[in-house]
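Shared between the two complexes below is chain A, which pairs with chain B and chain C, respectively.
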Partner chain A sequence: MNPKVRMAIFVVCGCALFAIFAAGLSRLHPVGFAAGPATTYSEFVNSITVPERRITDAVTAVNFDIRGFDTLGEEYIMFASVLGVMLLLRRQPDERDGAPIDKQKGRRIPSPSDAVRILTISLTGPLVVFGVYIVVHGQISPGGGFQGGMILATAPLMIYLSGEFESLRKLAPRWLVEVAEAIGAGGYVVIGAAGLFASTAFLHNLLPPGQPGDVFSGGTVALLNVTVGLEVAGGFIVLLLAFLEETLVRRDPS
Partner chain B sequence: MNILQALILALVAIGGLAVVLTRDPLHQAMVASFYGILLALLFFVFQAPDVALSQIAIGALALPLMILLALAKIRRKDANEEPRTRP
Partner chain C sequence: MTYLPYYVAAWLFVVGLYGVVTSRHMVHLVICLTVVQSSTYVLLLTIGYRAGAAAPVFVDIPAGTPAVDPVVQALMLTDVVVEVTVTALLLALAVQAHERTGRLDPNDLGILRG
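Our next item is the complex of A and B:
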C-alpha cells in the first residue's frame, strides 16, 4: 500500500469519525448538569454521606466507604505494579554496585547551588506537613490517602536534590520504606477484616463516626486513608530509589 | 461553558498534540509531564478537585518517572553495544 492510498483512506475514515464524534458531542448536556432530574445514585450518595457517615467529602465517602472494597483492589494495583518494577530492575548477575557517579565520563555529579539547596531544604518540612494534612483531612476536603501519600513521597526527592544520593539513602533506607509500604498495604486488609470478624461485613465501620467536619470523623475511613497514604508514599519512594540506583549506582562489567 | 473552560480545553488539545509530535522519548517524558499538569487544571476547572489532585500525582510525577526509569535501563544496556544510527 503506497502512502497516497493510505492517506486517502485516512482522510475518508477521519472525516467519518469526526462527523460521528461531533454528532455525539452535540447531544451532550451542558457542563455540570445531569440528564434530566438527578440520578438515583447521586441522590443516594448525597443523602447518606453527611447525616449517616459524617463525611463531608462525597468522593472520599464513595471511595472508602460505599465502594471501599474497590479501593482495596486499587491499592493492590499500585502494590503489584511497584513489585513488578522492582522485579524488572533487580540487580542482574553481571551487574555490580559502585559509588554513585555521573554516567557522563569525566564529569562529577555537580553539587547543588546554594539557591537550590535553600529552596529544597526549606520546602521539605512544609511538604511533609502538607502531605500529612491532605491524608488526614481526606474525609473533610478534597484529597485523601492517595494524593497525600504522593505529596509525602516528594519530600525525600527534595532531600536528594539538596544534597547527595547517600543522604537520601541514610534518611530513607530501602528496608524502612518497604516496611512502611507493607504496613500500608496490609493495614487496609486488617481494618477490613476487623469489620468482618467483629460485625457482619468486610470494612464494616466499627469506630464512632464523630462530627462532620472534624478530623476524627468518618470512623474507619480516616484510618483507611492513613494506610493508603503509607502505601502510596512507600511505593513511590521505592520507585524513586530504584530509579536513582539504576542511573547512579549500577555498573556493567567492564 | 465559560471562557476558562474553553481555554483549558483548547490548551489540553494543543498539549496532547505536542506529546504526539515530540519524537525523542526523553523529551516526550517532559512534555507528557507538562500535559499531565494541563489535564489536572482541566479537572480543577470542571470542579473535580479530587481527580485533579490524583492527576497531578500520576500524570505529572509518576508517569514521567516510570518513562525515565525505563529509558535509563535501556540506555545503559545500549551503551555497551555499538552506537546505533537512527533508522
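Our next item is the complex of A and C:
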C-alpha cells in the first residue's frame, strides 16, 4: 500500500479510536476514588490475605492461592509460546553446524573487553542467589516464580556477554534446561492434582499455612512459586539458546 | 480528582499504533507493539489505584490497612508474561522472515511465496 494512503487512513482511524477510547474512559470513576460494589472483591481479598491465607503479599495470594487455576493457564501460555519459538527456529534443511561464513572477508571479531568480562562474570553468582531469593520469598514480599525466574534466566545471558558461549552450552545444555522447564510445567499440575485427590478440589491448599511473614507460610504457594520459577527460568534459557544457536549455523548458499 | 492517567493509557495505545503503521523495520515494529501493550499496564494500575491507600503488601503495615486493588496487579503480572512471550514469538518470526527473504522491512514482505 502507498505509505501516504496508509498514513491518511491511520490519521482518520487513530483520531477516531482515541476519541472513542477517551470518551469511554471518562465515564469511569476519577482516578483513586472508586466507589460502589466494584471495590468489594479487592477489599475482601485484602482482608483475608493475612488472617486466613497467611500470605503477606496480596498479589501472590491472588495469583497462587485464590486464583491459582488461572496462573496454571498463564504458565501454559508461556510454555506454548516457547514451543512456538522452538518450532520456528528449528534446524532447516539447508543449515549445518559450524561458524557462519562472513560475507565480508578478513574481518576480525573483537572479543569482549576485560571490563565487560569482569563485570558480567562477577554478576553471575549474585544474580543466581538473588533470583532464588525472589522465587522463595514470593508469599512475603513482592516477587515470586515469574519475577525470580526472569532474574535467574539473566545469569546465562551474563555468561554469554562475557564471550563464553561454548562454556554456557556446556554449563546449561539444551536437554538439562528442557528437563527443568518440563518439571516446572508439570509440577504445577502435580501439586494441583494432589489437592484434588487428597482433598476436595484442584489446587486445594494442603500444607499447613504457617505464620505470616515466614518463608514456610502460605502452604503450597511456596512450592507453586518454585515450579513456576523453574518453568520461567527454563523457558527463557531455552529461548536464549535457540536465538543464539541461530547465529551459529552455516547456511548453504541458495 | 483527575482523569489524566486514563488519557495517558489511550495516548500510549494510539502512539504505539502509529509506530506500527509507519514502521520500516520488523524489530522496531515488535517494540512498537510492546508500547501498545504498555497502555494496558497504565490502565489496569489506574483502575486499581485508591487515593491514600498503601501497596497490598502487609509485611510492615498491619493487616486491614486500606490498600490498592491486588486483583488488577495480578492481572498485570499475567499481562507482562503474555507480552514477553508474544515478543519472543514475533522476533522468532522476524528472524525466519529475514532468513527466507533477506529483508527486514515489512513493506518489502507484501508478496507471499510458496
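The definition used in the following text is that the second predicted complex is superposed on the first by the 203 of 254 C-alpha atoms of A that agree within 3 Å, B and C clash if a C-alpha of one lies under 4 Å from a C-alpha of the other, contacts with A are read in each partner's own complex, and residues count from 1 in each chain.
Quick note on the criterion: a residue touches a chain if its C-beta (ideal position, glycine included) is under 8 Å from a C-beta of that chain, and two chains touch if they have at least 3 such contacts.
Nothing here was measured: the structure is a model prediction, and the numbers come from that model.
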Contacts of A:Ala22 with chain B and chain C, given as first, second, both or neither: second
Residue contacts with chain A in the superposition, chain B compared against chain C: C
Contacts of A:Phe146 with chain B and chain C, given as first, second, both or neither: both
Which of chain B and chain C A:Leu89 touches, first, second, both or neither: both
First (chain B), second (chain C), both or neither touched by A:Ala61: second
Partner chain in contact with A:Thr227 - chain B first, chain C second, else both or neither: neither
Touching partner for A:Thr124 - first (chain B), second (chain C), both, neither: neither
Touched partner set for A:Ser217, first chain B, second chain C, both or neither: neither
Touched partner set for A:Leu239, first chain B, second chain C, both or neither: both
Touched partner set for A:Val50, first chain B, second chain C, both or neither: second
Touching both chain B and chain C, residues of chain A: 30-32, 57, 59, 85, 88-89, 142, 146, 239, 242-243, 246
Complex contacts: residues of chain B adjacent to chain A: 1, 5, 46-47, 49-50, 52-54, 56-58, 61-62, 65-66, 68-69, 72-73, 76, 79-80
Residues of chain C that touch chain A when the two form their complex: 1-7, 9-11, 13-14, 17-18, 21-22, 43, 46-52, 55-59, 63-64, 67-74, 77-78, 80-82, 85-86, 88-89, 91-93, 95-96, 99, 107
List of chain A residues in touch with chain C within their complex: 3, 6-7, 10, 14, 17-18, 21-22, 25-26, 28, 30-34, 39, 41-42, 45-47, 49-51, 56-59, 61-63, 67, 70-71, 74, 77-78, 81-82, 84-85, 88-89, 92, 140-142, 146, 212-213, 239, 242-243, 246, 251
Chain A to chain B touching residues, read off their complex: 30-32, 57, 59-60, 85, 88-89, 103, 134, 142-144, 146-147, 150-151, 154, 236, 239-240, 242-243, 246-247, 250, 252
